[in-house]
Amino acid sequence: MNHQGLREKVVAANLEIYRSRLAILNWGNASEVDRDAGVFAIKPSGVDYEVLTPEMVPLIDLASGEKIEGDLNPSSDTATHWHLYNAFPEISGVVHTHSPNGTAWAQARKAIPCLGTTHADTFYGEIPCTRPLTQDEIESAYELNTGKVIVEHFKKTSLNPLEVPGVLVSAHAPFTWGTSAMKAVITAQVLEEVAKMALSAWALNPAVGPVESYLLDKHYLRKHGPKATYGQN
Amino acid sequence: MNHQGLREKVVAANLEIYRSRLAILNWGNASEVDRDAGVFAIKPSGVDYEVLTPEMVPLIDLASGEKIEGDLNPSSDTATHWHLYNAFPEISGVVHTHSPNGTAWAQARKAIPCLGTTHADTFYGEIPCTRPLTQDEIESAYELNTGKVIVEHFKKTSLNPLEVPGVLVSAHAPFTWGTSAMKAVITAQVLEEVAKMALSAWALNPAVGPVESYLLDKHYLRKHGPKATYGQN
Amino acid sequence: MNHQGLREKVVAANLEIYRSRLAILNWGNASEVDRDAGVFAIKPSGVDYEVLTPEMVPLIDLASGEKIEGDLNPSSDTATHWHLYNAFPEISGVVHTHSPNGTAWAQARKAIPCLGTTHADTFYGEIPCTRPLTQDEIESAYELNTGKVIVEHFKKTSLNPLEVPGVLVSAHAPFTWGTSAMKAVITAQVLEEVAKMALSAWALNPAVGPVESYLLDKHYLRKHGPKATYGQN
Amino acid sequence: MNHQGLREKVVAANLEIYRSRLAILNWGNASEVDRDAGVFAIKPSGVDYEVLTPEMVPLIDLASGEKIEGDLNPSSDTATHWHLYNAFPEISGVVHTHSPNGTAWAQARKAIPCLGTTHADTFYGEIPCTRPLTQDEIESAYELNTGKVIVEHFKKTSLNPLEVPGVLVSAHAPFTWGTSAMKAVITAQVLEEVAKMALSAWALNPAVGPVESYLLDKHYLRKHGPKATYGQN
């Protein structure tokens, strides 16, 4: 089996989506790229998490987006992952979930405001919500255009994808990413938790605004970047 | 034991209702029909899920709706299942749950709007809510009339029961169906998940409308029908 | 050990409170009476559920309300149970929980309206909320007066305690009862589930009213009383 | 290993944070002080709960706040714990969580009102929410200043930290404390449960006020202080 390690990591990340209930049934998917090899591995389409093995994981050519190995069809969202890997060279893992609270914000077509330090520890500002895709974008190359609409938002608003490692696709659901598939899953767990907290906080006080910029800086920067003090590094 | 395979499938589907917490205690029920044999199997009334065995599952004659085998009384909702099987020849499994979020929408007497792709992947449009039954319909042949009110809604609005594989009975709870009892349970899981998401989305943004028809088409039709691309088929 | 069977039933019912998460920590309590013996058994005060054994369960004299056997202090709510047993001769088990949704309604000081058949299957009408206790009632014989306020509500509104087998004590939490401790626990599970459903239904549609009296009759009476058709009786 | 017993208690308390889902991932932390030895033990920074062992737990000098033993960096919140131990001599354990409902109230920047007896059994009045920290307080000695803002609130409002054993830090999350780390974790569990109940109660009835002072007295004082009657003491 080629790229066995990559495929094993992708299986582990996908299982963690299911185990932490970021998706029920066979919803959701995780992928990871080996940039040196020019290949990414992704969940096969419509396969139940419990039966997933490394052998079942398709390999996709990073340059062309075409499957180069594997008997099964790759995730229907493969083109979204592919576009994100090409547009965001700093990321190596992508995750898509239908986690209930994150999806509720996506369906409300609202960004998740940064209402507290739990959010600021992982996301350097709000978790954005894309514009809706147009009819043309949906009717042709839908999954690729989903990736393009995400990237359009990040370019237009000058967001750094490692500082804001996730997004809500309008009327759809969350995508997250990171330096590995497992890190993207963990970010998806954080997104779901802060989505739940923000929903409740907003119910208690619709007038509450985002955290002050200096509190955002303090929390984000104590965990990320050259001046980070959190953890054992 | 006659129809052992059918009874075993019905036991498995009923256990999955309980395991996935679509009902507590002994609430809810699942059935499956063998149309060639003209027989359907259904959960016995008021029996706890943990003790359910194939031997305990009553068999009902599809033509008459009468029990033809089994020591135990069939589910009190048997006549609803029976009517659905006769009115919707394309279905082979029926499930009734009291899942909390789906039931909340039924109690609010509101259809669940299709607010996102999670919903559109399974239901081709809103999950409808029937009209309330009249006093006469309730006081005579209540369970049969529950089935009739469901079918009336689908006929009047020209819905295809495989495209909209579930309904809320006003002030009551969800019914779902499909090509097997287990598939109907999975649809009941989806119904509960989208009911939860829609409840939260609506709290965040009561002005949000249903997804655009072209997004609905894209998601529903990539998973269902002759042009489906999802999965391994 | 005297009344070993009674004590074992009380242990089992208390464990089920905890297992079904109707209370966290050591909150909540269940009791059961042996009316022929004139004795009831109740959870000891402040003991963790996991360590509870029949030997630890105090016995209380039904006539006097005084402990007649057991090393441990009985539940601080013993006088409430005692009063309910004496005022409602048709009941043999009493349960008190702090289940989160039921308690939320009690804290909102509102009865849980009967919004659907899930509720109507167990409670013949709304789950009432008592009036607040007065300062005098709280400062002297508080627990006994809690029982008295419950009974006052049932007498004043001519409710049958087996038809409405539970109540919310204003600003406090639910009490349920039945023909055994375990049945009272199951009723407490139903109360919590319908409290959750009603909370969500009411958020979706604050204008929704209780179910029609004929739907209430149909559902309650198909499960209870001489004309019941549900189950295997 | 020095202070092995203290470190083992801190490991057990931290595991209980995770087990009872008061925090996901590696969020949250618990500490306990040995006042005779002038030392406290605290969770190391950024370590996963499942792998935590007593050897990994750093020891901090109570007088200086400096680490005196342990290979790993202590929790980034160590200075908050340290200040609380010095300001509140009656406490011996401190816990910080990001439990979802408690954090929602903190993000809404609102105290949790005492709406019922569940709350009154543990907290003698509302669970306060601190003022926001200023930019200066955040940019220098942030974690120490978090402790100072908590203590400022308790001094200004003359609260007894054993009677109100917890607080919400505005836009951040809960801190709780007690006579041991494990007791502070249990209080954090209570805080989360009453936060959830209050959120729902407030949704049902925004006009509801806190419990009457005599009900608060009755419940708090039957569990705490010289006249307590609850439990086996």
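The first chain written gets the first letter, and so on, giving A, B, C and D; residue counts start at 1 in each chain.
Everything below uses one rule, namely that contacts are C-beta pairs under 8 Å (C-beta built on N, C-alpha and C of every residue); 3 or more make two chains touch, one makes a residue touch a chain.
None of the values given here were measured: they were computed from a predicted structure.
Student: Looking at C-alpha means, what's the farthest chain from chain C?
Tutor: Centre of mass proxy via C-alpha means gives A as farthest from chain C.
Student: For copies chain A and chain B, work out whether under half or over half of the interface numbers are shared, and give different or same accordingly.
Tutor: Result for this pair: different.
Student: What is the distance, in whole Å, between the centres of chain A and chain C, each centre taken as the mean of its C-alpha atoms?
Tutor: Centre separation, chain A to chain C: 46 Å.
Student: Return the distance between the CA-based centres of chain B and chain C, expressed in whole Å.
Tutor: 33
Student: Check each residue of chain B and list the ones that touch at least two other chains.
Tutor: Residues 199, 202-203 of chain B touch two or more partner chains.
Student: Which positions of chain B touch chain A when the two form their complex?
Tutor: Chain B reaches chain A through residues 115-118, 186, 189-190, 193, 196-205, 208, 211-212, 214-215, 218, 222, 229-232.
Student: Give the list of chain A residues in touch with chain B in this complex.
Tutor: For this pair, the touching residues of chain A are 24-25, 27, 44-47, 72-73, 76, 98, 100-101, 103-110, 132-133, 135, 138-139, 142, 171-173, 199, 202-203.
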